[in-house]
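Structures are listed in the sections that come next.
One chain, chain A, links the two complexes that follow: it is found with chain B in the first and with chain C in the second.
== the complex of A and B ==
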């Protein structure tokens, strides 16, 4: 009996030796960059760049190849390294601007379908070439891919770019009431920086929102709950730090084809910095300043909405609110977001300055 | 078999553990596919229908005063054994095949997701060795083990809290059952997710006599319903509806999304924890197969269990791919639905005919 038990025990334990992976032999791809080649003999093909940390040298290795589909790249890339490439530890995908304009869903679908890769892989659009961004030697960075990962995380927390991963992109892409967005990063002279939000129509990049307006965009989505807001024109510069932000969206369906959306944002906060000719110790002047901030934000909101209407896209997800007010057939007939022109959005911003700081 | 009896509250664990299996991982997608927008509402009527079935079984227990249903059937008419014995044999082989198919499907998903190089047949064999030991150790041990396994796997439900920040009621929309396909087919499929309560029909002689024995089966079933509802509602609120339609295993996607600062890729661990649930599901079906088999063949429990497992294993041997397994399981589950509906009705009819005969 004990012999049988021993055999069974061995049988139970042995399968653990089957599917083994030895860490030293693996090349953990950390970042993948994709760009479309538009010129030359490889026109229309993908340029794939990967970077992986190498344990022995504590540096990163970058490899590039040119392929037709993204899955193919693994075979060609692994020829160029002694490591066995695995994609389970991919942290971010960088997509070149040209490829993003052509469409990214095929690429994202590959990752979404693969059981090995995670839905939390970060996604960003690179204004310059991903290959250059990854392979350039930055004297102040040890590993550029961790810098990218941290930059994306930090800037998303500060609400200057969206935190976009495979799951969220797929969610918005597949949803018929919203269009996806993605952060934009670029290579600057002294390193890497974030540069606003890319707005998509379906899976194609249509236009971008500059970093300075990005926070206004997040005020509208309701994700920007507290933080600093810089408002300036030629004469005045205001740094407003707000503590509470209430946002509501009211949809009213008109008799005919009209749809009215009332967008109200209500926030209270401190004035941190003011440069201009108003006397901020005077109550009336403060009221005037409040009005100035309100108008300024409302104008910026109108700008964002104009951009969306121009490209017939709805990256704010207004469609989700419209959907709540409609029956199924009306919604389907609406053909959102092509009909975003029919929506009249009235922004109404209320600003309340609670305090103006430690000095008069 | 032994005449040992277990306390009725174990029925709670047995019912719940037998009901839930691999179907939980696909349930939200299945519901979205079949019932469309807000399809989770359908869980409630289907659960109520299953509850009526449990009510019938409870009625049989009450009329039978706790004696075995086999006795009821065999003493109904003279020469009933000519029909009953072959039927028993068919049923016991059917349940053995059913349970091994369930095991195989789970192993298939596990192979696909986490152990791509593992041989399915080999892993199923190992599972069956465990099942063999559990089944031959008797129903009281099974009841104890399922309680232990319940407490090991049940805390997983708290993982849903992780998704509260990303949960949005806007995703639900106000549409009800729009974009559904094959509504009635979906009802049958959804009902299969609740199957498992009918194993209690065979346990009457093993339950210690107490007041309101079947209360615990109802509680077990309600717990399953609660689990299905909460998981599906979270999936509807976390994903967009179209995305939910797109994912084959939405619950795996959900688990993959969980990331803590100190650990990530927890999904494989949770999926393996689910293996415990699976073991109970297949053990229970093999157990009812065994008690039915022993009504016909006077072998020892060990020998009978071995024979049944071998037969089930050989019958399911040719089914390997996902499509083959899914269609086989769906067919078997439909037969099991018929059994779960008509067997209690048949037994009830016999009981009433007997009573009438007595009164006459």
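== the complex of A and C ==
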């Protein structure tokens, strides 16, 4: 009998510990945007914008506040809505370009530590102001935040921007052999569009790679396994669809302080479209076309490496391969990625066209 | 086996513990007649046995026995077999045996099973007359190993009850255990076998049924063959079998009559239904009160929109709708079947649609509760369905206190309870707990018959 009484007592007392969140009383932050204010009386403060769906109207509500640190933003934002703000449904974080140049780790750390927010929250850099991006009225979209989420997902699948969530960002940030990257989106006249990759040094945005080069970047990271590649100059335009991609990175440590890296990419595919004056029914001409594609890609790779060396960053993760070849002390002394210009990278691309298809 | 001396003793020995065996003696003629009362026709019995032997004397008997319907039997196995097949065995002078076929089984008014219906298989169901029920089983098991013990239950009603088991398969401990329990029943009277069960229950406070009842003779027969003890009661169209385990309630004759793959899949479906019916509503309550994080974002908007009109807390909402479903179910069970359809229309269309439109409940909950109600009907045994109905409310309350943690907590409590349940010394969760991999092929799955061979 006393056992039953004890159970009843526990049952009566424990509900006090409950952390009830009734679903219709909650405001689910879907997208959260941060930007640094540089002018006016609030200079140096953070501008925090959130968007949340309003169930009754099925529309999106956007709230903005200006705060000193990101941690206190919840209190100020909460004043402006009738709902309890919760971060368990946050899908994407938008960071303004200006803030990204100062450093973003503080913001990401907040989400990374929160057990409620998922590690797959997407991170992206906004070229214009996140507040404007979120609060502008787009007649064609019902909810901008879901459009952004889907855009990022789709473009990442097409390999024009990286799929960057806070877990991956944090992993790359804390790893000393690689620097993180993030997709860039901007507000254009037609709506929202993605615009290449932002390259970070630590948690600071350094430079960007345009969307057209982004696929070459993913060829190098090995994430781009199959898809279409457009190569063109004044005379010729080639749309090349490839099926297999083999990438290997060989590191050779020289006698003194020389480091040679051989980046070989080997892929096979077929022509989707060709505009130019080569006769692609001829085998020799095809070979020439293959060489042309190889050269073109190699040049683009050199461009990317040049950009990285210029900013002393390593977003490709070459450091990981170097680290495997040396002992820990040497690696520590190397002070990667500041020494990236000591590395000689030789790109070597092999292209094999296996089918010219139905092209004339 | 040819025995000339003491034939009567030998035959009776083979048919020992068969309380349904009728033995008539004509001492002045030195004749004994053996037959099963429920397998023979009364008219035939009168014409072939009673009339010829009651108006005769010792000299004429020999002449009567030369008539062609009396076939002389010399093999004792054939004699026993004959009795089991509905013949009357006439033993003359304790050394000669004659069989006469008077087989007219009691098939009158046998109806198809109404609750435990099957798609493929026998449509036969027990009826209220115990003799008919016993003859259904005797017709299916033509063996002298099938023993029948007779009891009378109720100090005033003196209701007839048979305890059946197969000698050599059923453990004698089980028979003795059940005999003892039946003897200990102290009541003025019972009306149905399902009441007896409650007298036999070891843990009357448990929500789970501890004895398996069925209205199907084919199921009863297979229980006997599995080594269980079976009970029949006069006036009750059910049989009781024991020891019972949890998984029996999820088996249907369809699993065995159809191909094994289909049997396995439909059995897995039933276990899925078990979980759905137990936790669907509780899951809804937990998600809408605690774990908003797991709602897919596409569903989230519609969900909040429909929830935002509802004036009640999710747990009150779920209890109201579950309560309405219980009302519908109870009304459907009490009403004559012709009016019963109206209930479906009122319940399904009027309450379902109108409640959502009036903002009385959210449409997600209507779906959840309906799915859980449908799932509860997938469980083939109505007794288990009823238990699950009660348990579901337990889960809803727990989910409203602790969310997912509460649901897991409830599962653990129920699992502990099930593991502790015992039935005549056999565990309720056998063969899962204690684990016996050998026997698992006919619990959650139904393996091909070739695998059942030892």
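In the analysis below, the second predicted complex is superposed on the first by the 344 of 360 C-alpha atoms of A that agree within 3 Å, B and C clash if a C-alpha of one lies under 4 Å from a C-alpha of the other, contacts with A are read in each partner's own complex, and residues count from 1 in each chain.
FYI, a residue touches a chain if its C-beta (ideal position, glycine included) is under 8 Å from a C-beta of that chain, and two chains touch if they have at least 3 such contacts.
Quick caveat, the model's predicted, so the values are computed rather than measured.
Once the complexes are laid over each other on chain A, chain B and chain C both fit without any clash.
Of the two partner chains, both chain B and chain C are touched by A:118. By the document's definition of touching, of the two partners only chain B reaches A:174; chain C does not. Looking at the shared chain after the overlay, A:324 reaches chain B, while chain C stays out of its contact range.
Contacts of A:11 after superposition on the shared chain: both chain B and chain C are touched. Using the contact criterion defined above for the overlaid structures, shared-chain residue A:88 touches chain B and also reaches chain C.
In the superposition on chain A, A:39 contacts neither chain B nor chain C. When the two structures are aligned on the shared chain, A:255 is found in touch with neither chain B nor chain C. Of the two partner chains, neither chain B nor chain C is touched by A:137.
Closest approach of chain B to chain C, taken over C-alpha atoms in the A-based superposition, is 5 Å. Looking at chain A, you'll find residues 11, 15, 18-19, 88, 118 touch chain B in one structure and chain C in the other. The part of chain A that touches chain C in the complex is made up of residues 11, 14-15, 18-24, 26, 28, 30, 53, 55-56, 58, 86, 88-89, 91, 116, 118, 146, 149.
Those residues of chain A whose C-beta lies close enough to touch chain B in the complex are 8, 11-12, 15, 18-19, 88, 115, 118-120, 167, 170-172, 174-176, 178, 317, 320-321, 323-328, 331.
On the chain B side of its complex with chain A, the touching residues are 37, 112-118, 122-123, 126, 129, 170-171, 173-175, 178, 239-243, 246, 252-253, 256-257, 259, 264-265. Contacts from chain C toward chain A in the complex involve residues 287-290, 292-293, 295, 297, 300-301, 303-305, 307-308, 310, 313-314, 401-403.
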